[in-house]
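Chain lettering (A, B and C) follows the sequence in which the chains are written, and residue indices restart at 1 in each chain.
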Amino acid sequence: MKRLILAALLTLPLLVGCTKKENEILIGEYDSLTGSDATFGLSTNKGVRLAFEEINAAGGVKGKKLGLITLDDQGKNEEAASAVTRLITQNKVVAILGGVASGRSKAAAPIAQSNSVPFVSPASTNPDVTKAGDYVFRVCFIDPFQGFVMAKFSSENLKHKKVAILRDVKNDYSVGLADVFSAEFKKRGGEIVADSSYQAGDIDFKAQLTQIRSKNPDGIYVPGYYTEVGLIAQQARQLGIKAPLMGGDGWDSDKLSEIGKEAINGNYYSNHYTVESSDPAVTEFIKKFKAKYNETPDALAALGYDAARILAAAIERSPDLSGKAIRDELAKTKDFGGVTGKITLNENRDAVKSAVIIQVDGKNRKYISTISP
Amino acid sequence: MQDFIQHIINGISLGSIYALIALGYTMVYGILKMINFAHSDVYMVGAFAAYYVARFLGIENNPGFSTLITLLLFSMLSCAILGLAIERFAYRPLRKAPKLNILITAIGVSLFLEYGGQVVFGADPKVFPEVMKDFVLFNIADVELKSFDVTVLLVSLIAMLGLQFLIFKTKLGRAMRAVSANSSVASLLGVNPDRIITFTFIVGSALAGIGSVLVGMKYPKIDPLMGMMIGLKAFVAAVLGGIGNVGGAVLGALIMGLSEEMVVAYLSSTYRDALAFGILIVILIFKPAGLLGKYSVEKV
Amino acid sequence: MKFLKAPLLTLLILSVVGLVFDFALDAYFQLILLYALVNCLLSMSLNLVNGYTGQFSLGHAGFMAIGAYFAAYANTKWDILPPALNALEFFIYCTGAGLFAAVAGLLVGLPSLRLKGDYLAIVTLGFGEIIRVTLLNMDFLGGPRGYSNIPGFSSFLFSFIFACVWLTICFFTIWRVMHSTYGRGFLSVREDEIAAEAMGINTTRMKVRAFVLSSFFAGVAGALFAHFTKFISPSSFTFLQSVNVVIMVVLGGMGSMTGSIVAAFIITILPEALRPLQDLTGVDLRMVIYSLSLILVMILRPKGLFGDQEITAVWRKYARRNS
């Protein structure tokens, strides 16, 4: 009996075969659906799925439906590599939508490149990602731009002289933004009075904050994700720190104000779009997203949505479904009216678009200003 | 100076959180000599139980003493049931198996709860209900003491004293010590080891339940992987104090909290975790059984 | 040269197998296969410490990380041989990575191996974490951004044979060591430390030796890993990775070399084989199933697949029972 159970356990997975539908254009997506980054991966995935649903409801691409295969990478680089290899060799997808973390994209993109399969990353912000080759694109800002935007806003609009930085040392996105901010802010004559760090998953930040408090900064740059920033804001106010916090698009989520409560109000972050925008692309997206998932989209969902739509548009324009044809069309993407702004892909295959500065005000997101590249 | 005092307060409050969870580790280890890796995930389930109960009863925005008690009870109850089930179905069949097997099973249970939690509860963080209003006890020259900090410290001290009393002053405690010393001899003398071990798990898991509500009200963000890091730290704290020793767990946890705080304050925040482990290693090398642990000489 | 006969023969057979795989499998299976080989190296080396010597180390990922980063750095920054001898250069760097990890193993092992059981586990875990946190803060190694563009082999066949060379070296080194006086020393430490000491064996020295040898191969495994993925970052070398290797050792059977190999293959392939399940369930249940089967295997087969025997002995016993 024991033997039987064991045998069944080990063979069960092999019995489950693959299903493949005809008359579909298959697109592969890999993302962290489990593991410590799962909440970001799932957000992106929601955006991508919404885009696919819309496109298919409108008749698909080239008269065919778009099929989506999503594989999980568990937040591991090597899993991302094997997932992408699987998508290319087993599922024969025509293009790949990449995951959130730059690390995973760096492991996966070269594989897409060497197989000549177009790769569009929704949210990998590290500049090196698209250096993998001419098949690798992205629709988000790169680290230098967001760091620059906030440094400019901080020194010009908020007139900060002394700023402290609190970065998530485990997260390349956070470290990238913090480094650029630091360099840019110093160039503008400011002073970085403290540069502390935490690790994603921490819940207590009072040690760092008490240390920052003793330096008495005008503002604190916290380019992390909303999962920690909410708690950081709360603890900063508890310690009596009045200086505003500033961050990047990792802040953009309803959960930010739910976790941070009133402590998060009045703080600034850079983002791709504003909910207050009257642009129909944005309002439509938010309405549809709310209807489907019963929650407000965060920045990652919006990026996933845009990535999927830019890819679909390129496939529609391309003469055939070969990797090269789609790649060429992707490279021609210009002034695409996405949710996250007018997107143009430049010669480095990075998105060029302007950023907006948002101020948190309870559930609302107050638009402050737009900063162009 | 005021910063220094603030750091001490922060460190102790962080340490008392570690202490609450470390107590559960040390309980199980004291009786069974096993690292219950799943303990930190039982703690996570406790937090989610409280979250869902609060939503179900509609008291998530109703801070007050009655809310606290209700949530504590439900969370302790669900943790106790979960601990019972884990012991019964995963650990009991392995009572006689080599240590490493039990450890792997514990890791298996831990992974199961973490990833099962991601499927059932969803991977995105949830906001823990507001259980009590936090208020400032005193504020002298920018040094602030909050009611939550004191509550957590008091609860962990009370739990420690309660456990000490349970283990050293009651009949049940004597049976527990007997099972810990030699379970086959204990069973000859009329103690049912299985029942004692089950009881240990119930108490340990209920402690995790208390911890989850207290941590939830202090840091109102819960997610299925919340137990991972804090569990590791708490466990290290228990080893530091001498695992199996109730007082040692609290002492170790306070040292851990304070040293982490001081590392960030006066050395470097980037190496916080590394230095926490470094302190552990140094202490273990000079005192191999932990600070308060008894080093037992192996008999031939 | 008689002692080289068996290893060379093994290598020859493995090369032929590699040639077959090169034609028969597509890139996806080949990649999984390469991961499996790296895991084999890891589990065999940890088996030396956890299985044969009976010490409980939870920091294997740390040594793997050291090896991986050394090889990555050496390969991108230094160029000691002409391009034609690339394979030899890789081999030298892999050896270097192993030696580097072995030195780290010595530094970790000397103080900590006096501890026993769970305390040793925690200290090794602590060292693993320290190594990871240190890597996170090393800017010249990329920090959390990782280290990319690591040169690797262009073809699967070369990678496969290169990994097999190391696998053969590892297997026969450990095998021969275990059949020497040192091996008996390791085993005696596992069986009864006090008795071993009474027989005049310096147990701490034995443990340190096993630990250093084990770290060496962990470092080599890390170097191979770096060449195969061409990108590494500290997030690949977490505590969970160490746990994964321990699981392989226990699943294969403590003190069974072939068991470690088989288990490494199972643990690598299982999560991939479960992927199609996602189509049916809609949510990713892979890790849930993985953890459940782990618990079940531990309960139903507590000694692992092969116990402390090798696959040949297990097979013989099985054949006898069925005849």
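Here is the rule we go by: contacts are C-beta pairs under 8 Å (C-beta built on N, C-alpha and C of every residue); 3 or more make two chains touch, one makes a residue touch a chain.
No experiment lies behind these values; they were computed from the predicted model shown.
Student: Once you've mapped the touching chain pairs, tell me: line, ring, star, complete or other?
Tutor: Basically all the chains touch each other, so complete.
Student: So which one's got more C-beta contacts, A-B or B-C?
Tutor: Most contacts of the two pairs: B-C.
Student: Measuring centre to centre with CA averages, how many angstrom lie between subunit A and subunit B?
Tutor: 35
Student: Subunit B to subunit C: how many Å between their CA centres?
Tutor: Each chain's C-alpha centroid was found; their separation is 33 Å.
Student: Listing for subunit B: what residues touch at least two other chains?
Tutor: 115, 270, 273, in rising order.
Student: Counting only residues that touch at least two other chains, what does the list for subunit C look like?
Tutor: In subunit C, 136-137, 283-284, 287 touch at least two other chains.
Student: What positions in subunit A touch 2 or more of the other chains?
Tutor: In subunit A, 33-34, 169 touch at least two other chains.
Student: Which subunit C residues qualify as touching subunit B in the complex?
Tutor: 50, 56, 111-112, 114-119, 121-123, 125-127, 129-130, 133-134, 136-137, 193-195, 239, 243, 246-247, 250, 254, 283-285, 287-288, 290-292, 294-295, 298-299, 302
Student: What does subunit B use to touch subunit C in their complex?
Tutor: Contacts found on subunit B: 29, 35, 90, 93-94, 97-101, 103-105, 107-112, 114-116, 119, 232, 235-236, 239, 243, 270-271, 273-274, 277-278, 280-281, 284-285, 288-290, 298, 300.
Student: Using the touch definition up top, name the residues of subunit A that touch subunit B in the complex.
Tutor: Touching subunit B from subunit A are residues 33-34, 36, 38-39, 41-43, 169, 196-199, 201-204, 206-208, 210-211, 213-214, 227, 230-231, 234, 238-240, 255, 258-259, 261.
Student: Can you list the subunit A residues touching subunit C in their complex?
Tutor: Per the stated touch rule, the residues are 2, 5-6, 9-10, 13-14, 16-19, 33-34, 70-72, 74-79, 81-82, 85-86, 88-90, 102-103, 106-107, 110, 115, 126, 128, 169-172, 175-176.
Student: Name, in rising order, each residue of subunit C that touches subunit A in their complex.
Tutor: 26-28, 31-32, 35, 136-137, 143-146, 148, 225, 229-236, 266, 270-280, 283-284, 286-287, 289, 293, 296-297, 300-301
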